[in-house]
Amino acid sequence: MNSAYVIRRLLQIIPLFLAVMVLIFVLVHLIPGDPVSTLLGDRATPDIVARANKELGLDKPLIVQFGLFVVQLLHGNLGESINLKIPVLRLIGERLPITLFLTVYAAVLGVLMAVPLAVLAAVRRNTWVDALIRGFFQFGLSLPVFYLGLQLLTLLGARLGLFPIGGYGETFGDHLFHLFLPALTLGLNLAAVLVRTLRSSVIEVLTAEYVDFARAKGLRSGVIMTRHVLRNAMIATVTLLGLNIGALIGGAVITETVFAIPGVGRLMVDAIFSRDYPVVQGLTLVFAVLVALVFLATDLIHARLDPRAEVV
Amino acid sequence: MTATLPATVTVAPVPRRRSLKPTLIIGLVLLLILLLAAAFPRLFTPFSPTDFDYTAILKGPTGKHWFGTDNFGRDVFSRVVHGTRIDLQIAFFTTAFPFVFGTLLGAVTGFRGRWGDAVVGRVADLVVVFPFLVLVIAIVAVLGPGLTNMYIAVSAVGWVSYWRLTRGEVLAQKKAEYAQAAQVLGYSPARVLLRHILPNAVTPSVVYLMTDMSLGILLGASLGYLGLGAQPPTPEWGVMVADGKNFMVTAWWISTFPGLALTLAGVTFSLIGDGLADALRPRA
Amino acid sequence: VTRGGQMVFGRYADSLFLDPVLNDANLDIWILTNLYDTLLQPTDDGKSVRPGLATTYVLSTDGKTMRLTLRPGIKFADGSPITSADVKFSLDRARNPDNGAWNGLLESITSVTAGNNLVTLTLKHPDPTLPAALATFNAAIMSQKLFNAAAGANDAAKAKAFAEKPVGSGPFVVSDWKRGSYMVLKRNPYYWKKGEDGKALPYLDTLRFEIIPDDNTRILKLQAGEIQGAEFIPLSRVAELKANPKLNMLLFPSTKVNDLILNNRPKLKDGTANPLSDVRVRQALNYAVNRDALIQLVTFGTGKPMKSFMSSATPLFDTTQKGYTFDPTKAKALLAAAGYKNGIDVTSMATSGSADDLALLTALQQMWGAVGIRLKIEQLDTATKTARYRANDFQMRTGAWTDDIADPSEITGYYAVFGATEAAHTGFKNDTIEKLFVQSQQETSRVKRAGLYRQIQTLYTNAAPTVYLYETPYPVALTKNVRGFSQIPLGYNIFERTSLEK
Amino acid sequence: MISRWRGQPVRAVQALTDVNLSVRRGETLGIVGESGCGKSTLARTLVRLYTADSGEVKYDGQDVMALQGAELRAYNRRVQMIFQDPFSSLNPRMTVGQVLREALSVHKMRPAEQIPARVTELLSLVGLPAEAAGRLPHEFSGGQRQRIGIARALALEPECLIADELVSALDVSVQAQVVNLLLELQERLNLTVLFVAHDLRLVRHLSHRVAVMYLGRMVEVAPTQATFESPRHPYTQGLLAAAPTLDPSRRSAAPAISGELPSPLNVPSGCAFRTRCPHAFERCAAERPLLKDTGEGHMVACHLYDPAEHASTATGAETERRAAATP
Amino acid sequence: MTGGAAPTAPLLSVRDLNVRIPTPGGELHAVRGVNFDLMPGEVLGLVGESGSGKSVTLRALLKLHRAPIRMTGEVMYGGQTQAGPPQNLLTLPDSRLRSVRGGQISMIFQEPMTALNPVLSVGEQITENLREHKGLRGKAALDRAAELLDLTGIPSPRARLADYPHQFSGGMRQRAMIAIALASEPKLLLADEPTTALDVTIQDQILRLLLRLREELNMSVVLVTHDLGVVAQTCDRVAVMYGGRLMETAGVNELFTHPLHAYTHGLLGSLPGADAHRRPLRPIPGGPPDLRRLPQGCTFAPRCTYATDACRAAEPPLMEVAAGHHSACIHYDKLPPIGGASVVESLIPETLVLDTLPEASL
C-alpha cells in the first residue's frame, strides 16, 4: 500500500464528486415542489412566494443557479439552509459527528456481535447452536428497524430502565450510554448481514490446508482461530462491512427518528421533504465524499489484511 | 498399429441427483405456503382484509380473530394473509429488473471488458455513493407515490450488486477451460457467453437474489414508514407494522403478526438461498 | 405554588427561526410568545384579548386611530427598558410589506407614532381585527437597540443573527440552543407579570425543549420520567395515557379543523371533467361522511364534528350552524341527481407518512364506497402536495387549519374568499360571501359582525367547497407534578405560569 | 517485438517466428519446458485464444493472426485444442450429449437427423458407451472426462490437435489409456498433434520431434531421439538429468540444475538460462543466442554451439565444442 | 517391521489404522487396516493412485482429522525425548499431542500455496513454530528462522522473512514449508507429495535437500507420492496403496525389480518405456474404485488381468511373501517377470555425462 495509490484514489473522487454534484442539482430541482411554498404552507399568497423566491435567487434560470452553486462551492460554501436560515456547512458540522459516532458505534457493536457468533456457528455448523445463531440473526434481518428499535427501547429502556430513551448526551461516555440502543439496533442489522458471510468464510477457511498445517504444527486452538482462521475469514467481510457502513451513513434516518438523535439522516429526510435545496445538495456531496472515503478505507484495510491484494 | 482400446468403458453408476438439502426443502415448503396464501387468500380467511367492523376495534387475538383486529376493526389475520400477495410482489418486482439487468450487464461487461466495463463501473460508483433515499424520494416525487415507482427507484440502484457479482464471476469463469474450449470450438461470442459462461456465473446472483428479496420487502416497509410505499387500503406487511407502531403498547398484535410474517418470508428466502447455493453449485 | 426547577418538554420537531416577523411555521409561532411579549395578549379561550405590554387601548370614535398605553417599568430580558420607540420599531417592522408572510395582519395601519409611553396607530379604515392582530406573535415587541446591534447589513441578515439567540420581552429567554436536539430557555428576571405569590413570573428557572420526533419515543420518555411534558400525543394513545396515574393527559380546545379541500373547478388540471364542480356532488360527499364514526376511528373519541368551515373555538363561530349530518341515502340521491348513478371516482392527496391522513382516508374509502364514491389515495410528501394544490393540480386533499389570530377573518379570508389563494385553492367563489367579508372587515360592532359571519358560514356550508370532518384538540401529556401549563386554541404553548410541584 | 496484451508470453511467439517452427501433417511435435515457460501460451496463441501483437503464424499458408469471424471459426474447426484439466474443461451444466450435439450443429457437421447417430459414433470412437450422452461431466472419472474432451474436439473433424497437458492430471494407469487413444486416433485420422507436456517420458514416447522451451524461448528443437540421446542445450541436459529415473540404483546426490526459474517479468539479459547455467560466460549475458541448426534438424540456441561468434573468443574452446557437438 | 540391518525398535509403528469418513452418499472407508513400521532414519515411500488414501493415512498419523471423521487403530510413536514406552498418538490427549505435533513429528503438505497462510509472512509462520516448540522469541526466533531458510537454500533469507507466501515462487514456498517443518528439529517428517506441484528441476533440488537433511538430522521420513520415479530416487522402502489398503511393501530395489502384486505390476507396466516409441502402452483398464462401494474381495480384482474367483471371494491380507517383502496378492507367484530393461530404465543415456560439454574459456 503506497501513498501514490491513496492519492490516486483520492483524485478519483473528484470526477465522482462532479457527477454527484450535477446529478443532485438536476434531481432536486427536477422534483416538483419548492422550498418556499412548502415552508409557508396554506397561507402563502403567490406574491409572498414570488418575493421569497426572488430573495433566495430561486427565480433565476436553473443554469444560472447551477453556476452560482458551483462558484459558491469553489469558495467552500455550501449555501444557507432555506428553512433554518443558517449555513449548511455549520448545520452539517453540528450534526454529522453524531451520525458518524452512531455509525461507527453500530459498526463496532455489529462486528463484536457478528465475529464471535459467526465463528461459533461455523465451528458448530449444522448443529442446534448454528441454527439458533442463524435464526436469531435472520430475525434481526427480517424486522424493520423502526420495529426493532422501538421494541428494544420499550424493553431495555422503558421496562428495565437499563438505558436512557433517546437523545445522545453531552460527553463521550454519555454518547456511549445514550447511543447504545440505537447502535445496537443498527448493529444487529449489520451483524445479521455480516454473520452470513463471515460464517461461510470461516467454514471455508476451516477447511483450508493452512489450518491443518497450523494444527500439524501443534499450535493452540486459540492461536489457530485468531491468527489463521479469523484473519483470513475477515478479508471478505471487511469489504462487505465497508459497503454496509457506506449505506449506514445515509441510511440511519429511521433510527435517528426513533431514538431522537439529531443526526444528518433525519436532516436529510426533512430537507428533502421540505425541498431545502442547499441542505440536500450539501448533504449529498458530503455523503458521497464520505462514502467514497469509507470505500477507500475499506480497500486499504483489505490490503492490510490481505497481502495478496494488489494495491498499485 | 494395433491399439487395444477397451471397446467401452463402463461408467460407474453415480447417483444422478444429490438429495435435496433439508433446508431447501423446508424453504420450498414455506414458499409454497406463501404462494398459496398469495394466490388464494380467501381460502384461508373468513374476513375481508379491508372491511371495517366498528364493533370489534382493537380486539386482541381470539378464536374468531386469530391475530386480533386493528384500529378499524379489520381482521389482522386476513390482512396478513392478503398481504402475502403484495409482499411477494414487492419481493419480485424490487429484484426482478435488477437481477436480469444487472446480471446481463455484468455478463457482457465482464466478458468484453474494455471501455464499456469502465463506463459501467463509474456509473455503479455514482449509484453507490449517491444517497439512496434522495433518489427514491426524487423518483417517487416525480412519478408519484406507490409501489410501481418504488420499484423503479429500487431498480435504478439495485442492479449494481448483481452487476458486481456477475461481472466478477464471469471474469473468473471466462478463464475456465470449458469457456476457452467453447471459444476454440468456434462458437460465436454470444453463444460462448450466454450458453456456456453465464449459466455457470449466475449462481452468486441467484443466491443473492434471495437475500435481496428479503431486503426488498424490508425496504418496502421502511418506505412505508415514510409513506412512500404501498398505498392504503392495500394490506402490506411493512406498512401494517408501521401503522401498528402507535398501538405497539396497547395492541401489540397489530404490528407483531405482520412483523412475524416479514420474518417468515425472510427465513423462507434465506433457506432457499442457502439451499440453492448448494444445489446450483456444479458437481465436480 | 413551587418556584424553580427545570421542566423538560418533549417537542416533535425543533423551531426553525425565532424571529417574530420573518418566521413561517407553527413550530416557531407556538413557542414565540414565551420569548417575545405582545402589546395585547389573547385570552386563554383564544376568543378575545387582554392587556399585555400595553395596559389599555383606546379607539377613536371613527375607529381610525388607536392609542395604546405602555405598562410602566417594563423591561427586555437584558434589563433594558421597553420604550415606545421599540414599539414603533417593532410594529413598523412587522407591517412592512417586504417582511415575511404576516404583515397583512397589520395592513390597516398607516402609521405608528411613539410618544412617551403612548403609541398611536393611525388606520386606513376601522379595523375590528386590530386588537387581535396586536395580540398575535408577529406584533411582538423587540428591542430596537439589540436588533440593530446584531450583525448583518439588512433587516433579513440582522434577523438571522438576532434569532439565533434572541433577547425579547417574554417570560423566558433563550440560553442554549442546539438545533434539532434541544433548546434551553431561562427565566427572564425582568418579566412584568406577577405570580400567585406576588413575585415575578415565571415560576420555572429553566424550560428545556427536547426534540423527539417519534411519537412512541416521546411517550416512553414521558412515562420513564425523563421529560415532564410531551406535545402531539397521538390520539390513539390518549385513552391509555389518561388511565396512567402518573400522568395528566390534557386535551386543550383548539381552533384546529380537519377537512377535505375539494377542487371546485369544472376541469381538473389534466383537462378531464371534474364531477366536484357540481354542488350536489360536493354535498353528497359531505352527507356520506359518518363523522361520529370518523371521530371514533381516527380521533379515538377526542374530536367533535365540524359544523362550519371554522372551528367552534374561533371567535364569531355561529353556534346555530348544523353542518352536515350523515345521510347516505341523501348522498346517493344527490349523486344520482347530478347524473352519477354509477358513482364517481375521486382521488385525494394525502401527506405521506401521516398516520392520521391515512386512517382518515382509509375510513372514508369505506364510507364513500358504500354510496358509490370510489376514493383513490395518493400519498405525497408535503412539498409535492403543496406544489400540486398551489398549481390547482388536484381533486381533493386532506386539509387542516389552525387560527393564528383570535379573529375569524384569517380563516375566512383563506377558505371562503377567493382572494389571492382562490379560496384555499378550491377555486370556489361566491359573490355574496365576497361582499359580506369586505363589510365584516370594517364592521366594528361585534354583534353586527357576528351576523355577517353567520351568513357567510351558512352560504359556505351550502356551497360545500370542502368536506367538513372534525375538530381536534391539542393533546398534551404532562407528569402529575406539572401545573399551570396551557395551550390556547391558537396553539401557543404558555409556560409563564407553569410550575413543578413537589 | 511482440507483446500480447498482458505482457510476457509474447516471447513464446517470438521464438516461433525466429525459428519458423513448422509442424508437418501427421507429425507429433512435443513441447516441453518448465512451468511458466510459455507452453500453454504458445498453444493458446495457435488456436487464437490469444492474439499475437506481431509475428506470424501460418497454417496451410494462411495467416492465422489475421483471421476474423467466420474464417477464424473455420480455422478453429481445422485446428482444435484439448485441455489439461479434466475438471474444468467441460461445462459442468451440459450433458455429454449436449456438448457434442452443440459442436456438431453449430458447425453443421452433419444434417440434424444424423446428429444423434454421430454422437454415438464419436463416443464409441473414444471408448465411451452411448448412454454416456445423457450424463453430466461430474459423473465421469478424470480419464473419461479427457476422453469426452477429445470427442468434443473430434466432433469438428479437425486436422490438427493441440493437446495442452492432456494427461498431466491423470494417474499413470489411466494416463496410458488416454495416450493409447491419442495414438490410435492419430493413426486412424491422420491427425497432426502438438503435444504440450512436462512429462519427459511421455513426450519421448509420443513425439516425432521435441521442442524445449525456457522462459518463453525455444532453446532446442530436434527429432525425439536426438533430443533425448544427445541433448545439446545445457538446459535440456539439466532437465533430463533432473527427471527422476525409475532405477533406484542410479541415484545422484547433487541437483542437476541449481537455482530458481527467474521471474518471467524480469528475464535475464542475453541468454535467459545463463543464471542457472554451469557453462555461462560473458557473452551469454550480453547477447541472446539464436536458434540455429547444428545439423540433422537439431536446432539449439546456445552460444556454445555458435561457431561464427564463438571464434572470436577462444579457439581452444571451439574445438572442444565441436567435438561435443558431434558425439 | 523388518528391522533387517538395524535391529532397533521402530520409531513409528502403525497397526490396523482405519479412517472412516461419513459422506452424504454413505460412509467412506478411506483407510482400511493399514499396518507398517518405520525405523529411525528410514525413508518410507507411500505410493498409489490419486484417491487411494495416502493423504488420509498421513493425516491420521497425527490425528489431524476432525469429527465426524473417525480414526481407529494404533499409531505407536516411540521417539519421545523422555524415554518411555511408545504411546498411541490416536488416544493421546490434545494437550500432550500438541508437543508431538510439530515438535516431534512435522508434516509438509502437497500444495505449498494452500498450506501456507497467505496473510502471514513467512517469518511469522516459522517463528510461531519456534515459539511453540523451542521457546524462542523475538530476535532469537528471527535469527533461527533466517538460518532455517538458509538451510533450505533460499538466498538472502533475512530479507525474505518479511515476504508473504505469494511473493515466493513455488519452489521457494516448498522450501519455506520445509523450513517450518524443520524448525522444531523433528524426529519424523511426514511429507505429503512435497514435489508434485513443482517442476522437475525444482523437484530434483527439493528431494536432494530432503535426503541431505535426513542424513544431517537423522530423521525418518514418510514420503507420499504417486510418482514412481521419485520413489526410486528417494526411498529406502516402499508401501503401495490401493483403495485404502496397503497392497505391497518392499525395499525399493526389490519393488522395482520384483514386484509381487498384480497392481504394482500393472503400475510399472503402464509406464512408457524407452524402447517402445509411439507404441501402445499397457494401461490398467478401468479406474480406481469408489471407496463407498468397494467390490467384494480384492479391491483391485475388477481391473486385474490375473483375477480369479478366489480374488473376488475374500480380501487377501498383507502377507510376508519374501524377506522384508509383503504382498496382498494371492497370485504373487504367478506374475510374469517384469521386463527389466523396459521399466527400470533411465531417461537419459548413461553415456551422457554433463561434464563433457564444452567449457567456454575466457
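Read from first to last, the chains carry the letters A, B, C, D and E; within each, the first residue is number 1.
By definition in this document, contacts are C-beta pairs under 8 Å (C-beta built on N, C-alpha and C of every residue); 3 or more make two chains touch, one makes a residue touch a chain.
Quick caveat: nothing in here was measured; it's all calculated off a predicted structure.
K.L.:
Chain by chain, through touching neighbours only, how many steps does the shortest route from chain B to chain D take?
P.N.:
1
K.L.:
Tell me, please, which two chains come out on top when C-beta pairs in contact are counted per chain pair.
P.N.:
Summing C-beta contacts for every pairing gives the maximum at D-E.
K.L.:
Which whole number of Å gives the spacing of the CA centres of chain B and chain E?
P.N.:
Those two chain centres are 50 Å apart.
K.L.:
With centres defined as the mean C-alpha position, give me the chain C-chain D separation in Å.
P.N.:
90
K.L.:
If you average the CA atoms of chain C and of chain E, how many Å lie between those two points?
P.N.:
About 91 Å separates the centre of chain C from that of chain E.
K.L.:
Distance from the CA centroid of chain B to that of chain C, rounded to the nearest Å?
P.N.:
47
K.L.:
Could you check chain A for residues that touch two or more other chains and list them?
P.N.:
Chain A, residues with two or more chain partners: 31-33, 150, 154, 272-273.
K.L.:
Can you list the residues of chain E that touch 2 or more other chains?
P.N.:
279-280, 285, 287
K.L.:
Chain D: which residues touch two or more other chains?
P.N.:
141, 144, 177, 180, 183-184
K.L.:
Could you list, by residue number, the parts of chain D that touch chain B in their complex?
P.N.:
44, 47-49, 72-77, 80-81, 83-85, 87-94, 102-103, 106-107, 124, 127-129, 131-132, 135-136, 138-141, 144, 147, 149, 152-153, 156, 177, 180-181, 183-184, 187
K.L.:
Help me check something: in the complex, which residues belonging to chain C touch chain B?
P.N.:
215-216, 219, 234, 236-237, 240, 293, 296-297, 350-355, 358-359, 361-363, 365-366, 377-381, 383-384
K.L.:
Within the complex, which stretch of chain B touches chain D?
P.N.:
1, 3-12, 14, 16, 176-178, 180-188, 191, 195-196, 199-200, 282-284
K.L.:
Given the complex with chain A, which residues does chain E contribute to the contact?
P.N.:
Counting only chain E, the residues touching chain A are 59, 62, 64, 97-103, 106-107, 109, 111, 114-121, 128-129, 132-133, 164, 166-167, 177, 180.
K.L.:
State the interface residues of chain A toward chain C in the complex, per the touch definition above.
P.N.:
31-35, 37-49, 51, 55, 83-86, 91, 94-95, 150, 153-154, 157-158, 161, 164-168, 257-260, 262, 266-267, 272-275
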